[in-house]
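Each structure below appears as C-alpha cells.
Consider the two complexes below, in which subunit A is the common component and subunit B and subunit C are the respective partners.
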Partner chain A sequence: MNVSGSTNQPLLEVDNMSVGFRAKKKPTAQAVRGVSYSIERGETLAIVGESGSGKSVSAMAMLGLLPSSAEITGQVRLEGVDLLALTPKELRTYRGRRIAMIFQDPMTAFHPAFTIGNQIAETITVHGLANKKQALSRAAELLELVGVPEPGVRVNQYPHEYSGGMRQRAMVAMAIANKPDLLIADEPTTALDVTIQAQVMEVLANIQKEVNAALILITHDLGVVASVADRVQVMYGGRIVERADVRPLFRAPRNPYTRGLLTSLPRVDGARDNRLIPIPGSPPSILAMPPGCAFAPRCSYRTEVCDASAADLQMVVDGHESRCHHNADLPEWTPLQTGSES
Partner chain B sequence: MSEAAQVTPPLLEVDNLVTHFPIRSGLLKRTTGWVKAVDGVSLSVQPNETVGIVGESGCGKTTLGRTILRLIEPTAGSIKVRGEDVVAASSGRLRELRKEMQMVFQDPYASLNPRMPVHDIVSEPLRIHGTSKNEARDRAGEYLEAVGLLPEHGNRYPHEFSGGQRQRVGIARALTLEPDLIILDEPVSALDVSIQAQVINLLEDLQQRFKLSYLFIAHDLSVVRHISDRVVVMYLGKVAEVADRDELYASPGHPYTQALLSAVPVPDPEIEATRERIVLHGDIPSPADPPSGCCFRTRCPIATELCANETPALKEVEPDHWVACHFSSI
Partner chain C sequence: MVAYALRRLLGAIPVILVSTFVMYALVSSINDPIAELRQSCPQCDSSAYDRLNDLYNLDQPIPQRYLSWLGGAVTGDLGVSTSMGEQEVAPIFWDRAKNSALLSIPAALIVIVFSAVLSIYSALRQYSLGDYAVTGFTYLGLAMPTFFFGLLLQVFWGIWFQNWTGLKPFWTGGLHTESIGDLLSSVALPITTLVIISLAADTRFGRAAMLETRNADFIRTARAKGVPERTIVLKHLLRAALIPMVTVWAITFGTLLGGTLVTETVFSWPGLGRLLIFNGVFDGDVNIMMAVILFIGVITVLFNLLADLLYGWLDPRVRYG
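This part shows the complex of A and B:
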C-alpha cells in the first residue's frame, strides 16, 4: 500500500460526520452532529469531552463498530478512500491493518479462552501477512517491544494471567502488530492506576513515533492531553466546540465550556488552592438537545442568541477555533498562577 | 499533635489495625493463605479535619474504610471513636456508634436501592434509629435541600437522577443521623470533571455547616490534595507516609509518594514538557504474597539488600511528617 501522488492529502479526513441512533417510539438520538477534522501521520490529536459528548461514538463510527441502529452520514476518508462507503468485507481489510483501535477496558477486550499470543497472531494472519508460526514469534517480539516481561512465556498465557497494566500493554502490542497508519485509543489509561498509566502512556507515545502513525487519543483526562497531544479538539453535545494546538488551548482557552472544565479541575501541583469553579447543571441528554447552543443552559455568558441558534466553529485567532456566539466579547482568560516549582 | 491531643482527644483513632482475608481452597475449603488487605495501619482524625487516604488499587484503602465502620471485622488492632472502643462494642452499642460514623460509597448506581423512592432512601437511617415516619420524611426533605436537591425530588426513584445527583442523595443519607465523621470512599471518581467539582464544593460546604470530619479515600491525588488537611499514603496494606497536605505534596519523603506524585500528569503542556517523570517498573505485588521486608522494594528505584531483610518502621522524620522508608529523603 504505497502512497503515491498524495503529497498534500492528510492521512485521515472526517467530513461532516453525524451519527444518530434510531429507537422505537423515541426521537432519533443525535450522538454526533456534523463533525469535521483531519489528522496527519505522526500527529497526536486528542479528542476531549465528558460522557455523552460523542467522542467515542465518532471513533467507533468510522471503524464500522456501531450497531445497525446507528445512522451514519458524512464521509471519513483515509487517503481519499471513504471508509463509510465500504462494504463490511472491504472495511475488514482496513481494520487492524491500516487503522487499529485500543479500547478502554483491557479486562473485556481480549477473548478469555485464547492465549494473548494467539490473539495478537490472529490480527497478523487474518490479513494474510504471515503464517501462524511467524505470527506467533512476531507476537512475542511485540510483547517485548511494549515492555511485557518474559515475552517468551507470556505469549502463551491467557488474559486472566495478566495484570491490568500488562493487558493494556498487550492491547497496544496487538494494535501495532501490522504497523497501522492510524491508531485510535479510546481512554487507554482510564482503568489503570497512575503509576501504571504513566508506563502505558510512555509505551504508546514511543511506539507511535517508531511506526510514525497518527494517533487519535480519546480521553476526559486533561492531564494526559497536556502531556502527549499535539492538537486538541473539545467536544460537547456531539459537536466540536473548540480546537487548537495543545499549548494555546491550555494557555488561553476560548470556549466557555473548555474554560469551565479547567476551572473545575483540582491540581496536584498546587497551582490552584482556592475553591473550584464548577460548571453548573449537567450535560444535555442526546434525546433532548437544546435547540441553540448545547452548552447555553450551563453557560454564564448565555444571551438570547445562544438559545436561538448554535454558533459555527469559527477561527478566533490563527489556528484556534471556537464555537461561540460571544467569541468577540468573551473576557480575557486569566491563567492560574502556576507554582514556580514541582 | 501530642499536646493538642491532651486537650481534644481525636475523633477517630486507629491503632495498628489489621484486616486479613482467608484464602480457602481445595475440597475441604481449608485456609491456605491470607490476603493481607490492611496490615498494621495507624491513623487519627481530629474534629473538623479531613484526612485523605491515597493509594492504588489493592492498597487496602477501601477495606480500611469499611473496617473502621466494622462493615468488615478487623483481624487485630483497635479502633476508637472519642476514646470508645469500636472493636469491642456489642452489636447494640455498635449501632449507636454508627450514628456518629457514616459512609458514602463510590458507585452512585449500586449504592442506592432502585426500588425505593429517594425520600425513603434518605430517611431510612432515621427510621432504623426510631424516628417516626413523618418526622423522618420531613428531616429527609431538609437534608435533600442541604445537598442541593429539591424536596419534591424525594418522590422520585434513583434511576431518574444523573450520577452527580445520585451521589448527592448518598451524601444526604449519610447526613441524616448528624454524624461527626463521614467516611467517603471514592465519592467523586465515577463523576465527570464538571460534576466532580460541584460535589467537592458541596462536601466542603457541608463540612463547615455541620462541623464534620472526613476520611476521604481516593486514588486521585489532585482531588485529595484539594480537599485534605492531612494525607495518608498507603501501599500494599501499609502506611508509607503521613504528613500535612502541603508538606506531603511539596516534599514527599517516601520514594513511592515521590513516584506517585510525579506520575500524575498536570493539565498544563508547558509544565509537562519539562517535567521529569519517575516511571516505576513492574506491577503492584499481590497482597496475598507481599515481598519480604519493605513491600515497595520490588518497584523501588533505591532499594538495597537492607530493604529485603528489614521492614522499615513508620518514623517521624519531621514534626508530624511520618515516613516508612530506610532511606527517606528527609
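This part shows the complex of A and C:
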C-alpha cells in the first residue's frame, strides 16, 4: 500500500473529459461531454444515470478499454499521472494493479475454460507480483475474504460451477487481488437476484474499507446508491447534471432530472395509492443532442433559455451542484409530492 | 472419460450395422451379377452361374448374404471383386486407402493449421486490407468448383509454366513412387487443390468464431486485469475460439479421409473415391462398394467421437458422465 504523504492532491482527478465515437459518414457521437470530478482514497462516488447517459463509457475510457473508434480528450490524473497520455504498454501496468474494474455480468465476465483460481491468480502474476503457486494460494485467501465458502475447493472450480452471486464475489476478489487504489464497479449488482444484491454490495463496501481504495460505483439503482455511496453525481446526456453528498441529494434534489428520477421510483414510506410519475419522453440520442439543455425536451420547467443554451454546473448550496437555468426559481422539493390525480 | 469413450464406441456398433445393412440391401437389389453374366456371356453354361452363386451366395436372400458378408468383414475378409476377375477386395481396398491417405492426411493437417492462423489474422484485423484479402481468397475457394481449380493447376504447371521456363516441377497427374522427389511432386498439386477447397469453409467459420470471442466480456475482463494483448490472443481468445473450431476440423478430416472423388479423378489418383465410383458403382461391384462404404461409416463415427472428446477436454462445461 502506498499512502502518499501529501493530502492536498486527490487520488483521481478527471478533468474535462470528453469521449466521442467516430463513424464513417456520420457525425462523431458525443457520449461524454466535458466531465470533471475527483475522488479521494476510501471514498465512494456513485455515478447515476440512465442507459446511454455516458456513465459506463467515462469509466471505460479511463482504462483505455474502449474500441479504437473512441476519441478521448481531457485528462484523467491518478496521483498526478495523466492516464490518457500513457502509452498502451504503460497503461497496462495500471490496469488490474492500481485501478481494477468489476463488471456488470458475472456470468460472462469470466473465461469459461479456466478455473476461477487461475483467473484470479493471473491478475497477480501478470503484474509480476508473485509466482503462479503463490498467486493460487493468494486466490484462495481472497475467495475466503469475499465470503466464498470452501475456498480451497472453490479455487479449482470453473465459473459455471459457481452461482451468480458467488461469481460476482469472485469478481470482487479478482478486482482487489493487487490492492488497487481505485475500484470501478460498473453496475455490479444489476445482473443479480435482489436477495443477492445486498450481500454482494456489502462485501464490496467492506472490502473497499479494508484496502482503503476509492470506489466509483456506476449504477442506475438508487437504492444501492443510498446505502453505500458518500457522494453522488447524476449524469444525463453525457454531462454531470447534479452532484452532492448522498443525504442532501436524496433529501432535496435540485435538478429537475434527478427529481424526475426520484418520483419515478416507488417509496416504501409513500402512500399506497400514490402513483409513480414517469419522466415523459426518452433520453436524447448521442447523435442528435438538443442544442441547449439536454433534458429540456422532457422537462416540465423548461423555458426558452433552456433550448438556447446549456446551463453550467453551479453550486446551489454548499457542496451541492446542479446544472439548471432555473436553479434559483425552482420550487421547493417535497418528497411526497407524488399525486394520485394524473 | 475413458469409460465414456468406450461407451460411445459400443454405441457406434449398431450405427455401423444399420447403415451397412441398408446400404447392402440397396446395393444388392440393384446389382445382379447373374443378369449381367447372362447378357455378357450368353453361351456360358450353368457352371459359370454356379460359380457366381458360390462366390456371392446369390441363391440366398439379401439379409443372409449380408450376414455372411459381415462375418467376413469382421475378420478382415472383404470378399471377392466381381468386376476385377475374382480378386480379393481387401488388398485392393487397403492399397487405395493408403493412396488416399497420402493426399488426405497432409491436406487435413495443412487445413487445420492454415485455417487457425488465417482466422486469427482475419478476426484481429477485421475490415483491414489483409482481412479483405483473406475473405476474398476464401470466397474464391468456396465458389470455385474443385475440378476447375484442379484443371487450372494442371494447365498452369503443366503447360504455361513449362512454356515460360522449360521446367516442370510437379507431376500433373498420377501417383509416382519411383523416388521421394517423385512422390512429393505428384502429391503437391492434388493436396493444393484439396487444401484450397476445404480451407475456405473452415476459415470462414474460424473467423466468425474468433470475432464472436474477440468481443466477449471475458476478453474485456482480461484486458482490464492488465494482461498483455499477445497473451490475450494466444491464451484467452484462442482457447475459447478453438472449442467450436475443433468440431469443424474433425468433420473436414473425416470427409477428406473418406476419399475425394473429384480431385482424384482430375489428377488420375488411384484413391478410394475413384475405387468407389468407377470400380464399385459403374461396374456394379457390390463388395468393392461395401468395403468403401464400411470404411466411410467407421471414419465418420470415429471422427465424430474424437470431436466430442476434444470438445469435453477443451470446454470444462461439457462433462461426460
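Keep in mind that, in the parts below, the second predicted complex is superposed on the first by the 324 of 342 C-alpha atoms of A that agree within 3 Å, B and C clash if a C-alpha of one lies under 4 Å from a C-alpha of the other, contacts with A are read in each partner's own complex, and residues count from 1 in each chain.
We adopt the following convention: a residue touches a chain if its C-beta (ideal position, glycine included) is under 8 Å from a C-beta of that chain, and two chains touch if they have at least 3 such contacts.
Worth saying up front: this structure is predicted, and the values here are computed from it rather than measured.
Once the two complexes are overlaid on the shared chain, A:Gly96 sits against subunit C while remaining clear of subunit B. More subunit A residues lie in contact with B than with the other chain of the pair subunit B and subunit C.
Once chain A of one complex is fitted onto chain A of the other, the partner contacts of A:Arg77 are absent, as it touches neither subunit B nor subunit C.
Once chain A of one complex is fitted onto chain A of the other, the partner contacts of A:His127 are limited to subunit C, with no touch recorded for subunit B. Contacts of A:His325 after superposition on the shared chain: neither subunit B nor subunit C is touched. Contacts of A:Asp105 after superposition: subunit C is touched, whereas subunit B is not reached. Residues 50-51, 149, 163-166, 193-199, 201-202, 220-227, 229, 246-247, 250-251, 260-273, 275-280, 282-283, 298, 338, 342 of subunit A are the ones touching subunit B in the complex. Subunit A contributes residues 63, 65, 88, 92-97, 100-101, 103, 105, 108-114, 122-123, 126-127, 158, 160, 174 to its touches with subunit C in the complex.
Within the complex, the subunit B residues that touch subunit A are 56-57, 162, 164-165, 192-198, 200-201, 204, 219, 221-223, 225-227, 246, 249-250, 259-261, 263-272, 277, 279-284, 299. The residues of subunit C lying in touch with subunit A in their complex are 216-218, 220-229, 231, 236, 239-240, 243, 314-317.
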